[in-house]
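See the structures that follow.
Two complexes follow with chain A in common, the first pairing it with chain B and the second with chain C.
Now for the complex of A and B:
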């Protein structure tokens, strides 16, 4: 990140993108994909490549893909990616085509992140201009957040591992990013499509409907509207063009219509592909039901697996409710406080659910860490960023070691691995809390600048 | 008088005639009844094994004919079994308790004895029910409970759906109503044998069962006690079906070799001599009076007979003096203490190698004063091999670590079987059909797409080898995974192997057994060869048909063998941690919730001032009302809140309000959930 602090010219950006593709291809050509596809960090029961292959095999032998407790993904993914799990090219690595799909998904996501980031940067510059803060904050210092976010996404070790490890998270991430891109560039059908697909694939992105509504209703991130009004009252100049748009319901109704259309379409497709098996209801039970009831207790980088392996059966339902409610309870306060910054709101939501979801993987972390790049300008004053960087680095080194000690060598025990998961959860909490705090402070700073009080916002 | 006498005589005549008719009719009924009476037969088969051991196979058969009466009394047949059959409508059932592993390589795998009596370690139970499909599971669950009570074993663990399965076609008595379950870790001991003996009419007090001396049986290398029952279909309605109950006990014992001391070169090859007393420590003193027949057989298997014939011929050559060419088994190379009553020779149709010989001894001839004690003394050293199944199956685990692994079933061609494989190989395309039936518990999560087949160490396409496959994948905590396959291997195959990968599951802390680190068992796979029949057909004779054991031998049953049970170690969580994990995790969640909420509602500097001003302007109406109310309640004069709103009455009012709120919530909750 330090290197990228300078405004990267477009030329070097493309070099880095191509380098990242080449790096992935090199890793793919390692024998057996470096065994990444069976790492607990990469393949959860939802994203595992082997389970996808098993589901496809079951479907091919005319059994329901959900027979047994192996596959828990979407039937559409099975139809699209399933054939690639068995196709082999002579003399090439086993799952080359599937890996190529992951690489393409990654690059495409990065491109969408870049476009959205540029969009956000323009919006930021526009709002600075309309607040007449251009002089105070040097425009040259404003980094092109799109390029940075895209490169962070492409070069994040987590993304690379998830891509080479043949998990399905690159595709899921792409759907989420597609949704945000569509909403940011006001392509309502695209946004609806992304939202429906993301929800269909992993359920949790359903809560992104709130930032999407804000994005469609009042446009991309900007300082609080109150600030503009104050500013214009002060100067007695009512320049309508400089005022951000008010909340408009039309695009939201459009969005609702399109979301309904797409979801009906997806359900019909699922229904067709599962017609001779259990039907839609079985799909809901073994995808969403599986996500919500945390049935699989195999270790992952989250904390819920160990919790539910240890908790008394009597309290199981209670804690299931508590943990899911923890996600839901935070939606409203965040939406109230950050409604003027829908993209940041989306980032916070994504970070929260990838921390608290039942089967988290590094692919989820890769997504929110990539999106973090959008806000390099706003979050420049974030605290503990070095500590967080070290923490992430340390955990991603220690966690495989502890897993190895516990599972393979039998010298450690489950608590060691659980401790790293705990630390990882704490790091994510600090990231979210500090991120939100820095963003609110940034707004305070902007307000102080507009009201002409050159005082430090952090007091 | 004559007038009077005549009608009387006629009457008498008529009466007698009718009576005679009745008598004759009654007699015939009685005769019919005698044909279908309850029967009990006891038999013991002894067989020397190539590795200096002796196989003893007890076979007790009781049968009850179909009858019309409902609440029927039994003379010999155990009532518990007949009630069980009637209650659960069991068509066929087999329960076996086994300890030790049948050594297919040295004890043979082709005869009827290993093929139907070698069982997997622990408990194996299968049953076919005569009930509609939807009631089968319920019947099975009740049956397991009944049997566990009857046999003092934890068969009731087979009740849970995770332990039993419904094979469709690979398990030999193939039928849709079959349920199959095993408990590989069940320890088998006398408490299982005693109830089993109680089903015999004479228990172990008389007859052949006297030999069942507990210490000598449990000292053996292998013992398997089995209970097989078949209910013969009731012809018409209202008839109670007949039942044939077959109880067998197969023991492999090591006779104490008396000559251990004097070991010179040639003696080492001499098989140990044994007698009933030396292997069981008891003798048979008469029959069980309730038994219809009571016989002891001595079986010399094909390999042994061929070897003896060979030796005999050599002896004849060397000894040129004019012995009449007797059959060698009447002048054998071993000595029997008792003269056999009959000698059966196997009808040798299929197998080129010799035919087995069976000596029959009738226990009826012996009594308390002259107990029956069969002893066999070898005169010359003899080495032979028993007949093997076409392929020797073994199963093992691959991989290390507690995350994943693979199960491999390897089939190795047995050299011995080549003879009759050749007979089949006349056809151009000669195929050896092998059925594999494998049950895996749900915590061993098998990836069926990773199935690989190797023939002669070369990987083969699955469709070339596997003719038919039926898989029912395991559902977590609901059902085990079942894999049934028909393999078509070329006859000349040397070795074949199947591998399948699995992930090891992680269980909830309560699902681990008390000794979690010992590991979990995967039940034995069943390998059967439907083209090969383990049967011994003896020269047709009435006595063969009369003996249940020998008629059992003549049945054509496919050759079957069980693989080893596997022990899979699973990772364990820390069993002492639940409280720590709950508190630490909840702390982290609280940290998340608290700090994020704190950030969101934090006000800085002048924002705080602004809010305070707002609050001052809007003196809370509710709090005012409440403070008034509380003042009234306490009977004090209400005083308007002073400028610092931290007056004690205000705080109390707040507290009271909170308490009321919580109480209201609690009452509502209680009301809602009651």
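Now for the complex of A and C:
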């Protein structure tokens, strides 16, 4: 809905931001009625609030937080968010403080998205200018993608549900966005910090290192580099300032250095906090190991639980490898094809791993749908937008109904719920495919505009 | 759906090869009018064909083995039952003030059999409208209120522990009993239950515990059963119950039973539990009836159109018909039985069936006209009660906990002598015994047979796979028409845009300029979203109106209408108008609005068909023609042809009929005659819907009403 606020001035942008905060606060005051924190769509074994509280409790009673396969998150989250799970204020909802942290994380993420979006818009304008396309594409028609993306992120029902449902995904999403923001605005330590924390919290963002390297190496999204070269060859104007920078290794070495530093730092902190309980190895086993071996088969909106509930035990390892390699297979071709648009590449990666990850939740979808707003100008001609919208809308309503039919009424069965999960996965695939093809079409269109302009000779 | 539509767009550009599925999609979209007419007609026809397509029921679960053992219920048990009936009817005369006395008698009888007896007291729970209850689990929002001692009821519960069981499973027998004004019928039902109970306390084959609940029905049968079930399923850890007992002196009288009863009794005032319930039977005997033979009617509909497993009905039907010689019937819509058009339809189907049989003797779908009419009447009532979403009896409370339950109402042949009583006790008791014995054989809970079905007679059903076809045909035009409208609107928008910029090379520039072409629908989506938001507000308003004391239904309804209109105007002025003005000039905007409306209706109907099929079917019958026909009146007036004129008339009529209150009054008038219709009736009806947490209420508020408003918006569109 909020994609409508396209041409809103920043004044009304802030109104909508405040309205979203108020809306969240209202919802927070009905925790019992909504019961969101126990929905399988919201809380997975990795992001569940209850498990976090359990882990904290175990740790407080000087046991390993990973005892009993309840908690599978980072020990740092335990130290940071754990105390909030037990703190209560008289007369207020039970987990008010924790919910407030989620709200703040959401708003902070939105602000980072906005700043990054503005960065991207400037880069887009700059590249249009250097291709001399500004006359054809009116600047006023170029929407401020940062505002749109931030509002989409804030008002996306998925984000709101994940925030009110007390899952830890707002914090995880914030780390991912922090990483992208740092890379876009060339704050290398920040980017490295975001990347390390995001990887530490949920493992999958590790593959974001590729878009981050591209971002640091060649700068934010632009049309293909060869377009600039062609154009400047044609006009034989050697205006080097209009050419985008080539790939530079210096920031990447910086990034590697900082990433190393931060990861050592994080590991040392984890080691200290888990000193009595088996150390870092224990942590790796019950966080990354738990993610990679898909131990928990409770239903969620992904497709893996059903598959691994059905598969024979002796094939299990083979299929585990197949499913995880699935993600890795897609990394390289996409990186080659989209290397000139690192932010879009990051979006595609995030969409892919939030579809194929072992315990997906709506919080992951919230992240990539928010990032989609960055590319409103490029994806203006995306096909199937209406179909995708209806699909997302229908599936997100149908999925709880099917779950109810299966679990509470007993008239359905697991296939009913899994069917919606499959439809959801298909929708995500269509979104990614159509997004990528729309982006490539956009590049093609720019190329036609630059090279075909003399041929058309309209002026 | 949009798949096809966008591909058809790209079709216009020269492309070497089109995939067959895309070609099919383009074909469907291009002929959307024809397709929708054909599909809708086929959908309605398929609905009328359902009684013909109904299959005979069969017992799907092998373990049930109904009727494999001969009944053990003998005259001695019947005599005991009769004794209890006599005691009850005479005690009724003695002290009819509190009804404690009769509960005491029942408890003593239970104890005499060696069963565990206990009492359960409950407070009357007023049905409040809690808007968020629809989304939460059943027991999360029970509000503790201050009850007075005057408004409690007492259930008597007897439990027989199975000699062969491990106490993990149980079968429930419920007899509603109102001690304050009980007739002979209620006493007889208790007599039947007692005779079965006395038999079961002696048998050795019992593997599941038997719970006999004498539900105090002074506040309604459903309330008593649901209160007991709630306490059974949600253990209370506080000592609230004991506190209450001390506060209310009346109940202490009942505890005297401990002293009165024989030694070694197992009477307890605490809540007694057995295992998880495999099935539940609610037994009623209607005293006054004008039947010519002993009849049993089966009520199965629980809340939101949920049905118990078909096997339970099958077992009862099989035993009643083939073992006890009872006549079994299910509810019918009586007014349909005499309608002449149904008879004509039935005769047509009958002759068609004969023709088919003459062509190939293996085709046996012909049924006689009378069978057809009866089947349709039963099907209609099945649909009606499922669509209402209200349980048709106390068995509905069990379904909320996934327990299969039905209500059996025994209608004895009209007579008043004593011999008849024992005959009823014997036959009814043997039926109950047989059903319990079958359920006792179960190894798992009911799962073999259908949960989603419609009955056309006690021994015939239409399964989900068949009736979904009718529904799917009915709503199939929606995505196709939405896609075709969308394609039309967006291609027109693109053309006009390119015309404006450069008339010479329109197609070329269209490709080369950056537009938000594919996101044009967002404006219409916003409008649709806002109307649905308004629908949500309208469905929440009764929560406020309920708080106003002393309101007659008519005034409540008026307040509701006023507040709805007020909220509509507020929403319109605050959110809708300034933003929609910008794009209002766009041509064909109504087509996009219609396209988005149809998509939302499609989603809503699809969703509702999963929750409650009958509501979705009836809603689709009303909404699909309205959505498909909607077209701005202005265009039709301008066209001035006969076709547009007839479409205009159709639009106006549909717009009038499909308005939810209008549809209600029309339906009610058709069923009960127009004399009884008044404005308050709608309010009372709606109140009953939300009091029972029926999803139909949400459907009307959040799908049907917004759809109607949007269609009216399209009709009045200034294009």
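Heads up, the rule we're going with is that the second predicted complex is superposed on the first by the 445 of 459 C-alpha atoms of A that agree within 3 Å, B and C clash if a C-alpha of one lies under 4 Å from a C-alpha of the other, contacts with A are read in each partner's own complex, and residues count from 1 in each chain.
Just so we're on the same page, a contact is a pair of C-beta atoms (placed from the backbone, for glycine too) under 8 Å apart; a residue touches a chain by one contact, two chains touch by 3 or more.
Please read all numbers here as calculations on a predicted model, not as lab measurements.
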Partner chain(s) touched by A:445 [first = chain B, second = chain C, both, neither]: second
Partner chain(s) touched by A:385 [first = chain B, second = chain C, both, neither]: second
Broader residue contact with chain A after superposition on the shared chain, chain B or chain C: B
First, second, both or neither for A:56, with chain B first and chain C second: first
First, second, both or neither for A:425, with chain B first and chain C second: first
First (chain B), second (chain C), both or neither touched by A:69: first
Which of chain B and chain C A:410 touches, first, second, both or neither: both
Touching partner for A:402 - first (chain B), second (chain C), both, neither: second
Doubly contacted residues of chain A, that is, touched by chain B and again by chain C: 408, 410, 458
Complex contacts: residues of chain C adjacent to chain A: 1-3, 5-6, 132-133, 135-137, 140-141, 306, 402, 451-452, 486, 502, 505, 508, 511-519, 521-523, 525-526, 529, 579, 595-596, 599, 603, 606-607, 610-611
In the complex, chain A residues that touch chain B: 38, 40, 50, 53-54, 56-58, 61, 63, 67-70, 86, 295-299, 303, 305-313, 322-323, 326, 329-330, 333-334, 337, 355-356, 406-408, 410, 413-415, 418, 422, 425-426, 429, 432-433, 436-437, 440, 444, 457-459
Interface residues, chain B side, partner chain A - complex: 400-404, 442, 445, 447-450, 469, 471-477, 481, 503, 505-510, 571-574, 577-578, 581-582, 584-585, 588-589, 591-593, 595-597, 599-602, 604-605
Touch list for chain A against partner chain C, complex: 1, 3-4, 6, 30, 32-35, 136-137, 141, 376-377, 380-390, 393-394, 397-398, 401-402, 405, 408-411, 445, 448-449, 452, 456, 458
